[in-house]
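Take a look at the structure set out below.
Chain naming follows the written order as A, B, C, D, E and F, and within any one chain the residues start at number 1.
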Amino acid sequence: MENQVIELAYALDTFYFLVMGAFVMWMAAGFAMLEAGLVRSKSTVEILTKNIALYSIASVMYMLCGYNIMYSGTESTWMPLAFDMLTSADNSAADVIASGGDTYYSGLSDFFFQVVFVATAMSIVSGAVAERMKLWSFLLFAVVMCGFIYPVQGFWKWGGGFLDAAGFADFAGSGVVHLCGATAALAGVILLGARKGRYTASGKAVAMPGANMPLATLGTFILWLGWFGFNGGSELVVSNVAEANAVAMVFVNTNAAAAGGVIAALLTAKILFGKADLSMTLNGALAGLVAITAEPLAPTPGLATIIGAIGGILVVFSIITFDKLKLDDPVGAMSVHGVVGLWGLIAVVLSNTDASLSSQLFGAVVIFGWTFVTSIIAWSIIKMVIGIRVSEEDEMNGVDIAECGMEAYPEFVRK
Amino acid sequence: MKLVTAIIKPFKLDDVREALSEIGVSGITATEVKGFGRQKGHTELYRGAEYVVDFLPKIKLEIAIDDSLVETLLDSITKAANTGKIGDGKIFVSDLSQVIRIRTGETGATAL
Amino acid sequence: MENQVIELAYALDTFYFLVMGAFVMWMAAGFAMLEAGLVRSKSTVEILTKNIALYSIASVMYMLCGYNIMYSGTESTWMPLAFDMLTSADNSAADVIASGGDTYYSGLSDFFFQVVFVATAMSIVSGAVAERMKLWSFLLFAVVMCGFIYPVQGFWKWGGGFLDAAGFADFAGSGVVHLCGATAALAGVILLGARKGRYTASGKAVAMPGANMPLATLGTFILWLGWFGFNGGSELVVSNVAEANAVAMVFVNTNAAAAGGVIAALLTAKILFGKADLSMTLNGALAGLVAITAEPLAPTPGLATIIGAIGGILVVFSIITFDKLKLDDPVGAMSVHGVVGLWGLIAVVLSNTDASLSSQLFGAVVIFGWTFVTSIIAWSIIKMVIGIRVSEEDEMNGVDIAECGMEAYPEFVRK
Amino acid sequence: MENQVIELAYALDTFYFLVMGAFVMWMAAGFAMLEAGLVRSKSTVEILTKNIALYSIASVMYMLCGYNIMYSGTESTWMPLAFDMLTSADNSAADVIASGGDTYYSGLSDFFFQVVFVATAMSIVSGAVAERMKLWSFLLFAVVMCGFIYPVQGFWKWGGGFLDAAGFADFAGSGVVHLCGATAALAGVILLGARKGRYTASGKAVAMPGANMPLATLGTFILWLGWFGFNGGSELVVSNVAEANAVAMVFVNTNAAAAGGVIAALLTAKILFGKADLSMTLNGALAGLVAITAEPLAPTPGLATIIGAIGGILVVFSIITFDKLKLDDPVGAMSVHGVVGLWGLIAVVLSNTDASLSSQLFGAVVIFGWTFVTSIIAWSIIKMVIGIRVSEEDEMNGVDIAECGMEAYPEFVRK
Amino acid sequence: MKLVTAIIKPFKLDDVREALSEIGVSGITATEVKGFGRQKGHTELYRGAEYVVDFLPKIKLEIAIDDSLVETLLDSITKAANTGKIGDGKIFVSDLSQVIRIRTGETGATAL
Amino acid sequence: MKLVTAIIKPFKLDDVREALSEIGVSGITATEVKGFGRQKGHTELYRGAEYVVDFLPKIKLEIAIDDSLVETLLDSITKAANTGKIGDGKIFVSDLSQVIRIRTGETGATAL
């Protein structure tokens, strides 16, 4: 009887993990739609191809080595050694029962949940370098990012490495996932340069409106839904009253922060530009979500709303600032995931009394430093060997024709 | 025969079409065009960056018509398309040396 | 041991609630896509903005006061008093165990489930007033609707108020959510008037075809999926055989009613218009779903199909009738949610022997009366103070440029 | 206490079944978007109408007779007799407890899960016959397919019929669902002929690019997500350690196979055509998913990736081959679901030691033979009575106007 | 030199282009247009409401050509674009006083 | 007055517009067109099947202008639109017998 209860709890936690993981997988579609909506139509097929391919590469690379790097639990806290995931069996019922419930979910369900996270980090990159980066160079970087760069810093925090030991708090990954992805993107954008015509000779930013705003909105809603899995699943367990309450709290706060981000970004854009800028509002939703990701459990829903709202304000100013710096980011990924990711890490101290500002900043610096340096190296090598930027003519005609030989909307006349 | 080409504001299309029907014009060919003129475009903001809209949407109407009807036609268009605001558009008139109706092979004024 | 089982049941019910709530949240995306597909392209960005903003406003207002109004459980059955949700803690494990399982889910999970419901009600309004209502006036109304109008009538039924006491039966909200939303929409449409050019001088309706039918279809499918959460979650508990069977029955009947609605609307449109009108068929699906929402548990799947099918027939005639009345509703929201919502309330008596026609009609009248009067007042005040309708020129050029300074499909040439 | 645990397990399994079923229902949206993206814009409304209508017909027909044919469990293993689903009650708590947990989910949840499967099979057909088949003829075929053809062969395997007895292994339906659907499609395509202009007089295939690649990509992601329900739910039970592990394994393998399919198809297309063909890549994802569907539990994730990758390669060659045979399939459904479905059945023997190549081929031949013969008969009768192909003029102007009197994108100028 | 402007039914584009290739026409400029003429539009229903389609899709072809070839060209278009049904379109001929090839700066007939 | 019609490569539009502004041209009407000419289209692959793109995207500019300015205008367009590669396009010049400004009813050169 008691054993049955333990098994049942294990089953519930595993099922919860899988459902939450499926929600996170759905975020891949969200990024694909968001980015497809925010680029120009001549770069749409290529960004779709990048998105579905990067998700696939993430799945394979994380299986081949990423997961083992990140969760090997070895002696060294700096660099993991084991590469055994594919052979090791899942928990047996006997082991689970013997653990008295301490082993509470399937190892494979954990793998599933983790694999969709690395895909999220990589999805962040694709948007920032859109419309001008070579497809195959990007996919090559995805191999390195998903197989090495991301898992190593992931290990430092979630694998029980030195960041975790240093008291760095990052519940679902404002830092480990979002800041990391944004940093890799930043490195790419610096080496890549802006889209042709994006800034005038005198330095003014020239708008390049996204071709399909309904798609971008759909992508945002998908991400919002997926984020319930992203944050909600990161509680890792649901099978008792306290944990169930915690998961519920995470759901409520995740929703509240996104709502706060929407409202704040909408108002900020209205005040700054005099118009209700939908693309900023969408970024505001995502900013709210990123902001709460580092600590969606401890704040009250009211505080969560405020944390999200600050994210929503920040993202608008950040996007303008990156433009001033001529760092061209078609979808605002560096602002949403990087700048607001940092804000999320800092905001942890508002509600989580175990976290300190210094350890949060330390974590942010480590993640940024590691990811930036390794990414710059990786991008540079790729650049030297096969180049990272398409030719000017290909860019002008659109990467879709050049790289994919296909148009996104072949029948529609375009301006 | 003349070819009368009118550039008008898009939302005036229905008014003009009705006015032309009234004076018995039986054929019009319309094209979506973009016009650049005294009516200046505007600068939009998108994500905080500028976005200059130079070319404004216009409709181009082409009407082949018998010489005798040209004046009536010009009058009619000028009235129907007029809003009094800048950007109302232009009418150009040129000569047609021949007209053929593909269906029947008729030529000249009967082909109109 | 026994305690563990109670905790586990609590966890399962809470998790079920959260997953169902996430499905309902997804309906926000469904409404956004449906409406974005059914309006003209020049009003698309604005309707998207309204949809994501109204969802956010609903989330915040319901947190600030709506939930407390609706579920305060105070002495008065007419108007609630307490405003304590943000401070009150969730159920402790001790309390849950002490209750012997009578407290069976997290209070926060309930909040989450409820918050997405109010957003649904508000989403109904946005479609009906699309293409001509000012963005900010609409959002102001959303504040009133989500913070006050909806919760009060929700309290009368689901909060244990006088409608509940009067035997009014409304399982998941054909009345409380759908009729309420449609009534608020009706009040708005009456004050707002039809889109310019929608009816000829002689009173004929002029079609204004939706710009993007795949989006509208996607929205319908999203809503269909979300409705499993909407109805399925409204059983509130799943953790024993009887309840699990009940939830399964609700899923089956919800699906059956939607299917019935599709087939009936498709055939009705074919007979009336001689063509397979997709937009009517989509409305038929939604009509089937709305029709079954008041009682998705008691009917057999066969009866559910018929209830949905009648909804599907009704919706076609209703849309034509509203057009005769010159009540312009670009997406058919008043027909789908209002007329068919009423049908849903009546249809309860076909299978639920506890319900009487009189109490159902009483409930419908109360909800309609309350919502209509308060909405007319709210809309009127907004109209007097800042106006509710955009200028004729803005409407002609499209509200997208006027209100959001953005086009939905900036690159595509339009007719 | 013990009873409560049994009830709880029953509730968890039922809930799991319902959630997985909802994911599968979502695949209907996936097919609709995929097909709407891959046809020309002038055939889009009609394919959307077909998709939502076929899902509804599947729901109704399966309720009326399909489920009973498939799962009647009668004496005869060739043809079922009972038609009692609508009247029979669900499992009572007493029965469940008496069974000691052997009755572990709600009968209605099973019905729900099954009903979405038949819709999937039918969805496969719509894509292959798109752009030229009459709407109402197609829907008539849907009645026959969902009410008779599919359930009979389903009964042979999953209802405990002779294919099951013969050792034919098909976990989630590479054969029963995908090969069956593709075979019905093949029969239709043969009788229907290619789209006008699809092949030149000299036999060369002329490309007819899909009108909306973002939609097609969205559809693929939806299907990918839905497939976690399709395969994950086919384990049928999750409520103990071994089963929870199994479901987790199925999720991981399903994801791995799809990823393998994407990468393989992308590379294959690149090598063959010199471009990164997105439409082939999307077909690659689906091919990976179909390939693993017959056995998503037994392989290691590495093997699953390879099985999916082989599917991804196969699908590219298959599409080219069907074109050589002038069998016109606008979305590649016969390749994805038919050819790769067969590969999936064969691939079972790579990891499932209970399966033999001969029994797998036997099953494939039986499913193909039954479905092909009955489908040819059904299509032929429909062809004789009301015709299956639209007139040449209607095809040229697009079936949307002819059949639905509506355009998918009425405002956009097309080339 | 003449400018020959033909309004044809969209699905006739390929036929006409082939016919023109045969008689050696080496340049064509095509535009999507909407035509209003004797071929009446139709009234569609959308959600039970009327929807008048006045302007029908047509293709406008413009061909600059040497005077000597005009007759052949007109014949060729008339034949290739003809379906015999109302709405087949029209051909208009007007004079060109100059033609320049941008790439080379050539003018006159050699620029064609 | 003359009507100058230029077919140019789409990405040259901005350059040409700026060049025309410099020489004081105050009105332009632009149309998306598809051109068939010496610059051959290409054969694309989609799902392994061929896909011939015959007609290439071009922009057609129409400028009504006073006779005295025609030469300057032609020069300016020819320079600004030139890439030296095949497909740069053509310029056609024809006579306009009348021009009207709809807003004011002005005619002739003052209407330009």
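Keep this in mind: a residue touches a chain if its C-beta (ideal position, glycine included) is under 8 Å from a C-beta of that chain, and two chains touch if they have at least 3 such contacts.
None of these values were measured; they are calculated from a predicted model.
> Could you give the fewest steps needed to travel from subunit D to subunit F through chains in contact?
The fewest steps needed to get from subunit D to subunit F is 1.
> Suppose you list every residue number at the subunit B-subunit E interface; are over half of them used by both chains (same) or under half (different)?
Different, since most residue numbers here occur in only one copy.
> Any idea whether A-F or A-B has more C-beta pairs in contact?
Answer to which pair has more contacts is A-B.
> Using the average of all C-alpha atoms in each chain as its centre, how far is it in Å between subunit A and subunit C?
Taking the average C-alpha coordinate of subunit A and of subunit C, the gap between them is 32 Å.
> Take the average of all CA coordinates in subunit D, do the same for subunit E, and state the distance between these two points in whole angstrom.
Computed from C-alpha means, the inter-chain centre distance equals 47 Å.
> So, what's the distance in Å between the C-alpha centres of subunit F and subunit C?
53
> Provide the list of subunit D residues touching at least two other chains, using ranges where the numbers run on.
Answer for subunit D, listing residues that touch two or more other chains: 1, 5, 8, 12, 19, 209, 212, 218, 273-275, 277, 279, 405-406, 409, 412-415.
> Could you say which residues in subunit F touch two or more other chains, in rising order?
In subunit F, the residues touching two or more other chains are 31-32, 34, 44-46, 94-95.
> Go through the chains and record each pair that touches.
According to the stated criterion, the contacting chain pairs are A-B, A-C, A-D, A-F, B-C, B-E, B-F, C-D, C-E, D-E, D-F, E-F.
> What part of subunit C is in contact with subunit A in the complex they form?
Within the complex, subunit C touches subunit A at residues 1, 4-5, 7-8, 10-12, 14-15, 17-19, 21-22, 25-26, 28-29, 32-33, 36-37, 44-46, 48-49, 51-53, 55-57, 59-60, 63, 86-87, 90-93, 96-97, 105-109, 111-112, 115, 135-136, 212, 215, 218, 403-413.
> Applying the document's contact rule, which stretches of subunit C touch subunit E when the two form their complex?
204-209, 272-275, 277, 279-280, 316, 319-320, 323, 332, 415
> Which subunit C residues qualify as touching subunit B in the complex?
Touching subunit B: residues 396, 405-406, 413-415 of subunit C.
> Quick one: which bits of subunit D touch subunit A in the complex? Just the residue numbers, please.
1-2, 5, 8-9, 12, 16, 19, 23, 40-41, 209-214, 217-218, 220-222, 224-225, 228, 232, 238-245, 247-249, 251-252, 255-256, 258-260, 262-263, 266, 273-279, 281-282, 285, 300-302, 305, 409, 412-415
> Quick check: in the complex, which residue numbers of subunit E touch subunit C?
34, 44-52
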